[in-house]
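Heads up: the structure comes next, in structure tokens.
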Amino acid sequence: MEAADLLSAILIMNLRILATGGTFDKRYDPTTGVLGFGETHLHEIVARARVAEPVQVEVVMMIDSLDMVDEHRQRVLAACRAAPESALVVVHGTDTMVETARVLADARLPKTIVLTGAMVPYALADSDASFNLGAAVGFARSLSPGVWVAMNGFAHVWSNVRKNRERGVFEQLGD
Amino acid sequence: MEAADLLSAILIMNLRILATGGTFDKRYDPTTGVLGFGETHLHEIVARARVAEPVQVEVVMMIDSLDMVDEHRQRVLAACRAAPESALVVVHGTDTMVETARVLADARLPKTIVLTGAMVPYALADSDASFNLGAAVGFARSLSPGVWVAMNGFAHVWSNVRKNRERGVFEQLGD
Amino acid sequence: MEAADLLSAILIMNLRILATGGTFDKRYDPTTGVLGFGETHLHEIVARARVAEPVQVEVVMMIDSLDMVDEHRQRVLAACRAAPESALVVVHGTDTMVETARVLADARLPKTIVLTGAMVPYALADSDASFNLGAAVGFARSLSPGVWVAMNGFAHVWSNVRKNRERGVFEQLGD
Amino acid sequence: MEAADLLSAILIMNLRILATGGTFDKRYDPTTGVLGFGETHLHEIVARARVAEPVQVEVVMMIDSLDMVDEHRQRVLAACRAAPESALVVVHGTDTMVETARVLADARLPKTIVLTGAMVPYALADSDASFNLGAAVGFARSLSPGVWVAMNGFAHVWSNVRKNRERGVFEQLGD
């Protein structure tokens, strides 16, 4: 048996995607003229991407990550803890993604938790949301247990990354 | 040092994306009224997804995978062999993806090669291409060396998967 | 009362959009990998454009205009004749749009009939379909009775226009 | 010579599209996370729609119509007056479109001026902008001189229409 075959046997099958809101999931409201929150787009994205079963989508909350306080992060943690799957993708606003990652990491759950988001909402014609969700799913199913931040086609250990607001990308600390 | 930190240290940085054509990259020709091949969309997708450097895009060929003969597969293999990166994503038509994977696997290159494609071209409003490319990048940067087929949010060892043409999805052999 | 107010009083309210297929309405079939015909996109486009009532969408046929024979054109004519509205938009393949226009014109119906289509299907991300339909609706509600071909933001009397296949645009005869 | 042929001879050829901003032309800024103003999308839309020459695009200003004061409206009027074309489309925010129309109408220019806009920005995947611009072009080239508001597939004399903010559509006064 080759190494690849062995690894295949342990590739994580069951996947849960947790929506918390963030830029990724903002929706344009024609009445107010602003981007806000309504239904998640995750069901549509999962269907469009033909993601294979088993995959669960769960809406934990739908808010801007700048509005998140510790109580919200505890709810995200509770959802991760309660999830029967060991591969979790958390769709999250980019501004405080690392703060939530810290709360999740402190709990030391035996799961692979990958946080991702978008710089441009899925509802925009030129969004990075679909690619980012795909990458997060790829990382969540193959990285070891722990808490990761997946943006720009790369996964960072949560404690080693920050958002560079000027450049609009995530980068390794020390870069 | 935690396991996740260790793994982070060995996460593959350098990535190359090889275009070979396939449904993923088909382009509508208004003159003929059919979907064919022209420039690859990969540069646009990589820019839109804000994929971090270092990432290389290389066009090996732009053809329908049903038109591939062994000579084409040898060219894909040669490109994989010549690539200085150890994480490779091959964008490929879905119909003969597994045949090309077999040729690549026989060469036993010390690289992680992930083949992906799309059921709906990137040029269509409702395509799965961006998600699939994201997932392939995630898998290519975290799976062990070998040849993988990444479709529908899952990575399969190449020898253990087939395209189910009726359902339009890839599935494990024996499923 | 100003001229504009007078004209407003006679602006045609009731509008019917007749689908016949053509590039405009082609749909990608992931199973076969080609652009063909299924449901019309017109209901979706009308809803997305928030077109005000009263507007009717009627599917007469869904075929490529190169496959149209006289029988098909008679069916389009019959639908135009039967329509209670006096403003009609016919969504049609571009290749034989002028031939159908001739059949409609010979019937000398007391209606404003505007044929339009698209060089790139609505299903493609970069389509001209929405703009063209909008223009056709504008022309249908304000031009005098007769048969018109509306493409590239211009309305031509049917007998004075041809498709320039090389340039992918419609142009006046004699240009 | 038929009536339609006669009218064709007087169909307005030369068209100018004036950008003033509004929801139609809002652009997402990934740095701030809000929809604001940058370059106009009109050149892209005109190219995508393959609008035939002659057509001019002119950026008068790029602002939200709620921020317009009389000085701005005078600038729009000056641009309409200076335009050599007799068919003008003014892309404008929907909230004060009628106020600007009044200013333009008071000048009694011998031109057909059609104001249009969008309920959903062009940059959004589900926008009504392309359809509305198409309709405005159709109306501008075929309606008699005067000032018109074209939304929802219909052209209204400017003095006879209002935006219904709750329903997100324009409607005739008295409806």
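Should a chain be cited, it is by its letter among A, B, C and D, assigned in written order, with residues numbered from 1 in that chain.
We adopt the following convention: a contact is a pair of C-beta atoms (placed from the backbone, for glycine too) under 8 Å apart; a residue touches a chain by one contact, two chains touch by 3 or more.
Since the model is a prediction, treat every value here as computed from it, not as a measurement.
Enquirer: If you tally contacting C-beta pairs, which pair wins, B-C or C-D?
Expert: C-D
Enquirer: Can you name the chain that lies farthest from subunit A, using the mean of each chain's Cα atoms as its centre?
Expert: Of all the other chains, the one whose centre lies farthest from subunit A is C.
Enquirer: Suppose each chain is reduced to the average of its Cα coordinates; what separation in Å results between subunit A and subunit C?
Expert: For subunit A versus subunit C, the centre distance works out to 44 Å.
Enquirer: As a quick test, compute the distance in whole Å between the mean CA positions of subunit B and subunit C.
Expert: Each chain reduced to its C-alpha mean, subunit B and subunit C end up 40 Å apart.
Enquirer: Can you work out the whole-Å distance between the CA centroids of subunit C and subunit D?
Expert: 22
Enquirer: Touching two or more other chains, which residues of subunit B qualify?
Expert: Those would be 119, 125-126, 168.
Enquirer: Please list, in label order, each pair of chains that touches.
Expert: Listed by label, chains in contact pair as A-B, A-D, B-C, C-D.
Enquirer: In the complex, go through subunit C and note every residue touching subunit D.
Expert: 2-5, 7-8, 11, 13, 15, 45, 48-52, 55, 119, 126-128, 130-148, 150-157, 159-160, 168-171
Enquirer: Touching residues of subunit C toward subunit B in the complex: what are they?
Expert: Residue positions touching the partner: 23, 28, 30-31, 33-35, 119-121, 123-126, 165-166, 168.
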